[in-house]
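The next part holds the structures, each set out as structure tokens.
Both complexes shown next keep chain A, but they swap its partner, so chain B is in the first and chain C is in the second.
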Partner chain A sequence: MSVLRPLDKLPGLNTATILLVGTDDVLLQQLAGSMLKEDCASELKVHLAKSLPLPSNVNRPRIDLIVFVVNLHSQHSLRNVEESLHHVDASFFLGKVSFLATGAGQESHCSVHRNTVVKLAHTYRSPLLFCDLEVEGFRTTMAQRLVRMLQICAGHVPGVSALNLLSLLRSTENPSLEDL
Partner chain B sequence: MDSYNAPESTPRQNATSRLKDYFIGATPLQKRLESVRKQTSFVPTPPRRKLPQCSQLQEDVDPQKVAFLLHKQWTLYSLTPLYKFSYTNFKEYSKLLSAFIAAEKQKGLAVEVGDDFNIKVIFSTLLEMKGTQRDPEAFLVQILTKSQLPSEHREGKVLWTGWFCCIFGDSLLETVSEDFTCLPLFLANGAETNTAIIGTWFQKTFDCYFRPLAINAFNLSWLAAMWTACKMDRYMATTEFLWSVPCSPQSLDISYAIHPEDAKALWDSVHKTPGEVTQEEVDLFMDCLYSHFHRHFKIHLSATRLVRVSTSVASAHTDGKIKILCHKYLIGVLAYLTELAIFQIE
Partner chain C sequence: MRHSAWTSPFPGGKSESTELPQSLNRSQTDKRDFVAEISCTPAIFSAKEREAGARRVSLLSLSPRGLLCRGSQEMDETVAEFFRRTILKIPITEMMTVLKAWDFLSENHLQTVNFRQRKESLVQDLVLLCEEKRASLNDAALLDIIYTQFHRHQKVWDVFQMSRRPGEDIDLFDMEQFKSSFKKILQRALKNVTVSFRDTEENAVWIRIAWGTQYRKPNQYKPVYVVYYSQTPYAFVASSLLKSNLPLLGQALTVASKHHQIVKMDLRSRYLDSLKAIVFKQYNQNFETHNSTTPLQERSLGLDINMDSRIIHENRVEKERIQRVTQEIFGDYPQPRLEFAQYKLETKFKSDLNRGILAEREEPLRCLVKFSSPHLLEALKSLAPAGIADAPLSPLLTCIPNKGMNYFKIRDK
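Coming up: the complex of A and B.
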């Protein structure tokens, strides 16, 4: 079965691997570039994928964090992410999956409502980040955040685990979402 | 995980109920602040809401009176509430606005109010252009050329038309005080320079603010679904969609035309609950169109941007241009646009 499982491989020494899944190649490449520029004590590996399942013939390290990138300008990217989610094992969603929505800044180009993505992230109990990946400054900040999250998910930060981080990131300010 | 939230929610609920008590005896400004604060913590415009079907919004609009509103391309603007606007001062407003326009056109020469100009401005009310009784009356501003010969009392040619209306604007009406008139939707037809001049005069006189109203792809797909759902006796135009594909050096445009009866048949097969339109139905309707196109052309239309929707009821462009073709559903179309305008103001 080509389902991604969090613990089916041994971790590499001082290595942290992130998988970015999304239809916009250009944005993912730029984000990957920004992340690799960050100063990090661990060795970073960034894998990009258009969709899941990943081809099984490639030898790849254990994946510590999956980020699903949804472009609010395109329904296609949302559908793609929704289908890829089926190929991820349930135990991944204990803090090792995150959603990233891009394109919210240009309201006139949006064809996906913000609420749809919020509901998706809520269904999968994972944090949702908003960032306009096309703007360099925002992208750099988001890259810093993701590198930090990745280090925690790979277990390189003593005292904080992915599950701890998940409970910290759960937003407590939207009581209405519990009714959705 | 969910059980941990229970003890946290009780102190939050107490806080919001205390806040509500505080605001019962509040001034309109405080009520407005409270509603704005509520909006920031709750997700605005949830797409899961259900809208009434267009047929329910058919008012008994006299087709003769509104005939001049149809078949014209209107540019949309959202307008903040007007301060100290009065429906009885139309003659005065006409005179002031004529003088202002003449002054702008002559650029800085001294002009007296009441002089003879080549143009004439008329303010008039549009009766029956409202959703509920609470909505303020819609009014119309027209710039006409004046005939040079005073003996001929012929109406001049209309150079520019603009009208202000508010259809089902309850969410905005609740939050403003008595001095303000809420007419959030402004539609203009005519030269852009005239629109700019009129806009400047209104902004100076009534302390309001105009903003162009853009309709994004999400709202265009809602409009497409609602207009396809409308029952029509005869279809005057094909249902047409236009998508813009961003690519260099010039963007590509993809146009997709469907026979209106086929579109209606598709909608009927998707539509489940009578009298309501839900987000799932709109998504399914658009997905059917996308998958049909993909099967034939292997192009994912869902990755492009919907730019224009044209049906027998009305046609809308993402830049905020609209043309209404059917008088039966005029109020319904305006109600949705008013909602978009209110959302943009807030």
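Coming up: the complex of A and C.
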């Protein structure tokens, strides 16, 4: 099955799985490490992929949250994410997908404009997070946020669902972009 | 030779019968003696020469050692200054090592110098010591060679390859004959040139050449260094600016080493050892390391052995493929160190899009692409595993050590 669907598998007991998609393997691994260091009542699993579609012969748990990591220094990573998005079912975008842009701190190295990623996130109606994954402090904070988001998306937080979270996270700035 | 006594060489035009000192030609005497080039007959002195002579005479009396050892041989001011500047370049931490390698000042002499004082005073003491021991320009040049050997990465080295005519007999190489032949060729062409040699291991010789012109003394502060490996047709040249003498240098090298032709390779770097490794094909030696016992898979994924089992790599197969391809191309060994790869493109513009303006040009599009890095080949090696480029990399990048080039000209076939 080349398209990821959110509800095609049964959830594991007390398990929450996140899928990080991006070309920068080192950064993804570091982020995964930071996330697993967090204290969390649920069992966390982190899957790292360079791109979608995922190899189909593997037995994997249900994926609760997908984070697409775009490195603003590299056009290649943006293109990779754009192509991978085609392999995600539309129902995933109801709060179970998020975009993460890294490398904004080094302005001189950025070849992808900030607005490009903003537009991309807006097109897919998903939240966009900025974080310099190379800086340990920022990475830890982001890991905490992602763990919290993951718990909500996996349904482990009573009273809050992924869709609730999405409407909370929707940004009210830039009303001009809403017209797109 | 001592100066013979003379009365004032400027007798004011009268034709007195003065004792004419023997005209002392510098080249006839031992290099170490300080000699005043005052060969004179009173009548032919012009005002200018008188002035110059007066200056030289005053130099004699004012130089510091002159006061202490009157009339004895002493070091030329320029040589002393050259010593001072060369020793000043050496960092204090390396001072002992370099001086020991130079082997001109013995242990006893070095012990008389206080190495803990400020650098300027230390240098002054060392220069005085050299003067006392009557060090010559050649000794100073040798010290300069040793300093450069310790700091070879401060210069940019070019690689030259020599060739013989096909079928020519290769005689046994005689180092002394090479050196004397090399020196003779240069001295015949340019009267003012300082050539110094230092032998090193692997049948190599370091040559230092300070160039002058027909009318000017050699400039000791802009020398050219050549490292020639006698059992090979390769020579490495580091020149500081003066490019006009390179043809002469090439000629001298070729003739002295009994070759026929010399060609400059498109290979340039600061790291002489890396250039050597590339040119002599010594870089692909696989050394046994401690890590060779870890299984390939774990090593290839760049993971800690205590990797968290909660992290799952979805593209494991692809990653292994990339690692395998990278290893096939680059090998396991440390790459030789280069800083640049430059590609000069002279190709016609090719475009997938329909007929843009550039696509209709008949002339080749000139474009220069330069890759620079503190360690270019290691950086290229890590591109695919880091996800920045696809594996396998373009052969234009991976052929650099094999072809021994890092400056390319690309034309349409």
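In this text, the second predicted complex is superposed on the first by the 178 of 180 C-alpha atoms of A that agree within 3 Å, B and C clash if a C-alpha of one lies under 4 Å from a C-alpha of the other, contacts with A are read in each partner's own complex, and residues count from 1 in each chain.
Keep this in mind: contacts are C-beta pairs under 8 Å (C-beta built on N, C-alpha and C of every residue); 3 or more make two chains touch, one makes a residue touch a chain.
As the structure is a computational prediction, the values presented were derived from the model and not from experiment.
A.B. asks: Specify the outcome, clash or fit, for chain B and chain C once both structures are aligned onto chain A.
C.D. replies: Here chain B and chain C cannot both sit on chain A without a clash.
A.B. asks: Look at A:Ala90 in the shared chain and tell me whether it touches chain B only, chain C only, both, or neither; answer first, second, both or neither.
C.D. replies: A:Ala90 sits against neither chain B nor chain C.
A.B. asks: Would you check which partner chain A:Thr23 touches, where first means chain B only, second means chain C only, and both and neither mean what they say?
C.D. replies: Both partners.
A.B. asks: Report for A:Val58: first if it touches chain B alone, second if chain C alone, otherwise both or neither.
C.D. replies: In the superposition, A:Val58 contacts chain C only.
A.B. asks: Now for A:Val112: first (chain B), second (chain C), both, or neither, which partner does it touch?
C.D. replies: A:Val112: touches chain B, not chain C.
A.B. asks: Given the touch rule stated above, what does A:Leu163 touch, chain B (first), chain C (second), both, or neither?
C.D. replies: Once the two structures are laid over each other on A, A:Leu163 reaches no partner at all.
A.B. asks: Quick one: is A:His76 in contact with chain B, with chain C, with both, or with neither? Answer first, second, both or neither.
C.D. replies: In the superposed model, A:His76 contacts both chain B and chain C.
A.B. asks: Touching A:Arg125, do we find chain B (first), chain C (second), both, or neither?
C.D. replies: first
A.B. asks: Tell me which partner A:His47 touches in the superposition: chain B (first), chain C (second), both or neither.
C.D. replies: A:His47: touches chain C, not chain B.
A.B. asks: To test your reading of the overlay: chain C has the stretches 7-15, 241-249, 313-321 or 349-357, and exactly one clashes with chain B. Name it.
C.D. replies: 349-357
A.B. asks: Please identify the positions on chain A that touch both chain B and chain C, taking each partner from its own complex.
C.D. replies: 23, 74, 76-77
A.B. asks: What residues of chain C sit close enough to touch chain A in their complex?
C.D. replies: 302, 308, 310-315, 317-319, 385-389
A.B. asks: Which residues of chain A touch chain B in the complex?
C.D. replies: 23, 73-77, 79, 107-116, 118, 125, 167, 172-178, 180
A.B. asks: Going by the contact rule at the top, pick out the chain B residues touching chain A in the complex.
C.D. replies: For chain B paired with chain A, touching residues are 1-2, 4-5, 8-9, 12, 41-43, 45-48, 214-218, 221, 279, 286, 290, 300, 302-306, 318.
A.B. asks: Which stretch or stretches of chain A touch chain C in the complex?
C.D. replies: My answer: residues 19, 22-26, 29, 32-33, 36, 43-51, 54-55, 58, 60, 74, 76-77.
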